[in-house]
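Quick one: the structure is below, and I'll ask about it shortly.
Residue numbering begins at 1 within each chain, and the chains themselves are lettered A, B, C, D and E in the order written.
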C-alpha cells in the first residue's frame, strides 16, 4: 500500500453496498487514497466501480463499513464525471460547462472565461451555444469532462470519461489530464475499461472482481512522471499492462468459479 | 355597508347621513321599484339615510351577508325568516312590502289546465329554492309528487319546446317572455290566489339593530314604504336607477311588471288596503306558519313570533 | 515489470448476488407510518386552529361553525347526508370514468397526427370554458327524463379537459431515441402507441387524473346545482342548497366536509395508484438511490 | 501491411462547419401556414355543420340558435358585450396570475421536503373540491367592499390546483443523475431549485398553465354567478344570465361565443409560450430530427 | 472497392446531411456495402459516424444525395444498437430485449426463449427482471446489444456497442459477434473508436474525417475468417492497425489545416 493511515485523503473501511432491490454491489472493500494520488479502477462490467465512486462522492451511504475522510471538508470539494454525460438538456454547452462556477458564485466574466478555456481544451470551441441534443455522443461526454475540469477540486472522480472518444482525442485528453493533474495536484480516482489508459495515467491500478463486487488486487505503477508518448512503447509499460490484464483475468475466473 | 354610528343617528343633519346597505334578492326589476324610487327621489335622504342597494343574484346568500354585517337590511321572505328562528339566527322581519307572493305556475293553453290541481302529475320546471317554499305547499294541498320536478334554470326555452310541461315563474316576468317568444298567452296561476300566503319582499334586519337603533329601522321602513307609494304613482325615477343597475331590463318588461303588481294587488290588497303598504298581521303569520307546519316545512314547536315585529308598521309615516 | 502486487483475500463464496430481501412493511405498519400520520396531524392542527379561531372571535355558527359543531351535526344528519353522498359519488365516478376513457381516446387521436391535434385541440378547450349553468338547460332537454345522465354529462364536461391536455403532452414527450427504435423495427401505429407512447405518457396521464378526480367531484356538485331535481335521489349539492335555504349552516358545512373528504380520498387513491404504477421507473415515484 | 487503400479526394475547404441558415418564416407567412389554417378550416366546418343542423331540424332559435344568427347578434350587441368581456378578462387575468404565482410558490414549498408535501398536498385538494357557491358568502364577507377582489379570489380558487399539482409532479421528476450532480457541487436549496428543479418542471408547469388558463376564465364566470354583480361593472356572466332570463338565447350564445373564443385565445397563447420556452430541448416541443 | 454496383446491399451516393441548426454533419459521402460484409467506421468524435448509421437506417433523410438499396425491402429489416442504450425505463431487461420480437409478433413462448438466449450470451442471466435504472452502465449497453441480436435482420448497425465494456467482456462479445455474423451472414456496419477492434472484426475499415464529416479512406482488411486470438498477435494485424491509425492521423490533420 502506498498510502498509510497518516497520509491519505480518504479511506474505505470494509465498505459494502446493497441496493434496495437486494443486489450486493460491493463487499468488504478496503481502499486508502493518498493526497495527490492518481488511482485507477478497472474491472468487469457491473463489478461496482461506479458504486465505489458514488460512495466516495457521498451520493448514497455504504450499507456496511464506512468511508473515512482525513479532513471532512475535502469530502465537500469534489468533481465527478458521471458514466453518462448527465447534461442539462435545457442549457447550452457553455451553461452546462460553467454550472459548477455558477453554483460556487464565481463572477460571471471570470466563469465565462474559465469555461471557454476548458471548452477549447476538450475541442468543442464553436459549439458553446449548442444544446446537448445537437451534439454527438462523444461531444456530450466531452462537455461533461469540461464541466468537471472547470473548478479545481480536491478530489476528481472520473467514471469512464474517455470511453466514448476516438483514440486520438482520447490520448490528447489523457496527456492534458496528466498535465493538469501534475499542475494542480488533484487526487484523481479514475474508472476505465482500457488497461493501457489505466497504466499510462495512474500511480496505482485497483483491479476489482465481480459478483459480488470487491477489490481483487492493487498494482502500483511506479514509473515516474511526466510520462510521455515514449512511455507508451516502453517494455516497462507493456509489463505493467500484462500484470493488470493477468489480475483482471484471475478476478473474472474467481468470480466464475464461485 | 357600515353599521350606523348611534350618536349621529339621533339628530340627522344634511351632512351626517347614516350609511345603510340594502340587499335585494335578484337583479334589479320592477319588484324592487319602491326601494330604487326612494333612492332616486331622495326619500331616503330626507330620512337621514344614505342607502346603497346591492343586487342579489342566483347564488348569493343574503342571510349570511346580512348577518356578517355586509348588509344592514335584506329583502327577505316569510319562510326564510322562520327558518332563521329555527336555526337560532337573530334576524327579524320588520315590514312586508308584498301582501301576495308573485310566485306563479305557468302552463300551456289548450292543455285543459285551469287550476293548480290540473297540474298534478305533469312535469314542472321548478327551482331548487322551491323545495322549502311553495313546493311542499303544492304537495300537501294538491298531492304533487317529487318526480314531477324538472330543474328550472330561469330560462323559458325548455317550456316553450314542450307543450306538456309547466314551469314556475314570477308574475311580472316569465309570462311576458312567453308571450313575446312563444306568441301565445300562457295559463298563469298565482299561488297566492290558492291560499299560499307568505309575506314576500320583506325588510329583514339583524335583531341587534332593532334593539340598539330602532330609530334607524323606523326611518328605513318609513322611507321604503313612501318609496313604494311614489313608485306606484310615477315610476320613472326608480326605473332609471333599475335600468342603470340592470341594463338588460327592458322598459317594456318594467311596465308589464308594474301593471301586474297593480292588477293583482301584490302590494295593495287585504290588510294593506286599510293599513297601507308594508303592513303585517300576527294572524297571517300564524296562519302561514301553521299551514307550513302541516306541509312539513317547519317544526311545530318553533317560536315563529320571533321572526317578525309589528313595531315599525301600521303607523303614520314620519 | 510490476514490482509489488497486493491481492485481496478471496471472499467467502456467496451463492448469488441478489439475495437480501428488503422487508415489506405490513399494511398495519404502513398505516402507522409517518407518511400517513403526518397529514393526519396537520389535519388535526388545522381543525384545532379553526375551532380556536371560531371560539376566540366568537363568530356565530351561522357565519362560520366550528369543526366540533360541524362534526356533531354530521353525526346527527348522517342518515340524510350519507345517501346523498353516495349519489354524488356515483355521479362523480361515472363522470370520472367517462372523462378518463374519452380523454385518453381523444389524446390518443391527437397524438396520431400533428394535424388532428392542431385542428381540434383548440376546440377541446371549448368544453372546458363553457359555463355549465348556461348549457345545462340544453343538456337537460336532450337527456329528457334521465336526470342522472344529465348530471353525469355536466360533471364529465368539467373533468374532461385536464386529462386530454396532460395526456396529449405526455404522448408527445416520447424520448426521441426510443421513437427511432420503434420506427426502425417497423412498429405499427398501435404497437408504438401501446408499447411506447402510452407508457411514456403515464406520468402525465396520472397527473391529469389527479386534477380531474377533484374536478369530477366538484363537477358533480355543480351539475346538481344547475340540473338537479332534489327528492329521493338528491346528492350533496341538494343538501347544501337546502341547508343554505334553511339557514342550517352547520349542516351545510357538514355536507361540505363530506365533499372535501371525498375529494381528499379520491386524491389519495389516485396518488397511491400513481405511485404503484410508476414505482419501478419514474423519477417522481422513486426515491433517489445511489 | 494493408494492401490497397483508397483515399477520398480532399474536399474543397469549407470555412466553418455551422454555416447554413435555416430560413425563418415571416409572421405573415406563418399566419398563412397550414398550422394556423387547419384549425380555422375545422372551425368553419363545425360552424357550417351546426348551421345546417339547426336549419334542417328547424330548431327554434330560443333552443339552439344557428351560428349565423349568433354572429349577427354578436355584431348588434357588440357595444354591450365588449365591456363585459373586458371585465371578465380582467378578472380572469388577475386570477390566473395569482394562481400561477401562488401555485408555483406552493409547489416549490412542497418540493422542498417530502414531509411538507405529504402533510399539506391533500389539503390543497380542498380548495379544488369546495363548491364556490357555498363559500362565496365568506369570501365576500372578508373582502367587504371589494367585489372585484372577491371575484378574483373565487376564480383563483378554481384555477389554483392544476398548477400546484402539475408543478409538484414536475419538480419531483428531476433526473436522478442531475440531482446527484447538484448534490455533489454542494448546490444550495435555491440553486438546485433555480437551475435544476424549475427547468425540469417547466414542461409540467406549462401543461398546468394550459389547464388553469381555461379554468381561470370559467372561474371568473362562475365567480360572477355567485358573487353577483350587475350594472356598469358586469362581466359576461351577467350578460349570459340576463340573456337567458330574457330568452335572448342568440345573445346568450353570442356571449358564450366570446367566452369560448377567449378560452381558445388563452390556450393558443399558452401553447405558443410553451413551445417557445421548450423549443430547444423538450421532446414535446421539438420535432424528431435525425 | 470491394463491392460493385451489382453486388451490394446499399449504396450511399454523394450523401450530405445538414441539421436544422445548420451543422454540416456529413458531406458528399459515397459508400457501397456488399451483402454479408462487415464494415467498420472509425473517425474523430463528431465526424458523422452516427449520422451515417441513422441515415442508413432511414431515421432522417439525407439533405443531399441519396441512399440506394438494392432490394428496398431490406431497408425495412434492420437492427440498430444506438450509441446510448435507449432502453425503455418502464420495462424489465427481459421485456426490453424481447421488444423486437413482440413487435414482429413472435409467439410469446418462443420470444421468451430467444430473448433468454441472448441475455445469457451478453452475460446478464439473473437480471431478467431488473429495471434499467438498476443496472450499471455497461450492463445497460449489453441489454441494448442483446436486443439487437434477438432478431435475425439483414443489416445490423452498431454504434460503439462495446465502448462501455471491460476488455474481457468486450473480446468475448467480439468473438461472439463474429461467430454470429459468420453463421447468419448478416451485413454489419460497425462504429467503433477502437482501431484494434475495427481491424479484428471487419473486412473493411472506413476512416472518416471531421469538420465537415466526410469519408477519408477505406482500408480493406483481407485476413481470412474465422479470426481467432492468434490473429490478434499476428504482425499482419499490427500492420493493419498501423495503417488505420495513420489514415486517422492524416484525416485529423486535414481537418485541422482546413
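Keep this in mind: a residue touches a chain if its C-beta (ideal position, glycine included) is under 8 Å from a C-beta of that chain, and two chains touch if they have at least 3 such contacts.
Here the structure is a predicted model, which means the values were calculated and not measured.
Listed by label, the chains touching chain B and chain E alike are C, D. Any chain that touches chain D and also touches chain E is listed here: A, C. By number of C-beta pairs in contact, chains C-D lead all other pairings. Of all residue numbers that take part in the contact between chain C and chain D, over half occur on both sides, making this a same-residue interface. The distance from the centre of chain A to the centre of chain D, with each centre set as the mean of the Cα atoms, comes to 46 Å. Inter-chain centre distance (chain A to chain C, centres taken as mean C-alpha positions): 46 Å. Computed from the mean C-alpha positions, the centre of chain A lies at a distance of 27 Å from the centre of chain E. In terms of their C-alpha centroids, the spacing between chain C and chain D amounts to 20 Å. In chain A, the residues touching two or more other chains are 19, 21, 23, 54, 59, 84, 133. Each of residues 59, 61, 64, 68, 153, 155, 157-158, 161 in chain B touches at least two other chains. Of all residues in chain D, those that touch two or more other chains are 17-18, 63, 133, 138, 141, 175-176, 180, 225, 244, 282, 289-290.
Working note: touching chain pairs come out as A-C, A-D, A-E, B-C, B-D, C-D, C-E, D-E.
For chain C in complex with chain E, the residues that touch the partner chain are 16-18, 175, 177-178, 180-187, 191, 195-196, 199, 202, 280-282, 286. Considering their complex, residues 60-63, 133, 136-137, 140-141, 147, 225-232, 238, 241-242, 244-249 of chain C touch chain B. Those residues of chain C that touch chain A in the shared complex are 1-8, 10-11, 13-14, 17-22, 176, 289-290.
By the touch criterion stated above, chain A contacts chain C in their complex at residues 1, 18-24, 27-28, 30, 54-55, 59-60, 133, 211-212, 214-222, 236, 239-240, 243-244, 247, 254, 258. Only residues 19, 21, 23, 42-46, 49-50, 83-84, 123, 130, 134-139, 142, 159-160, 163-170, 193-195, 245, 248-249, 252 of chain A touch chain E when the two sit together in their complex.
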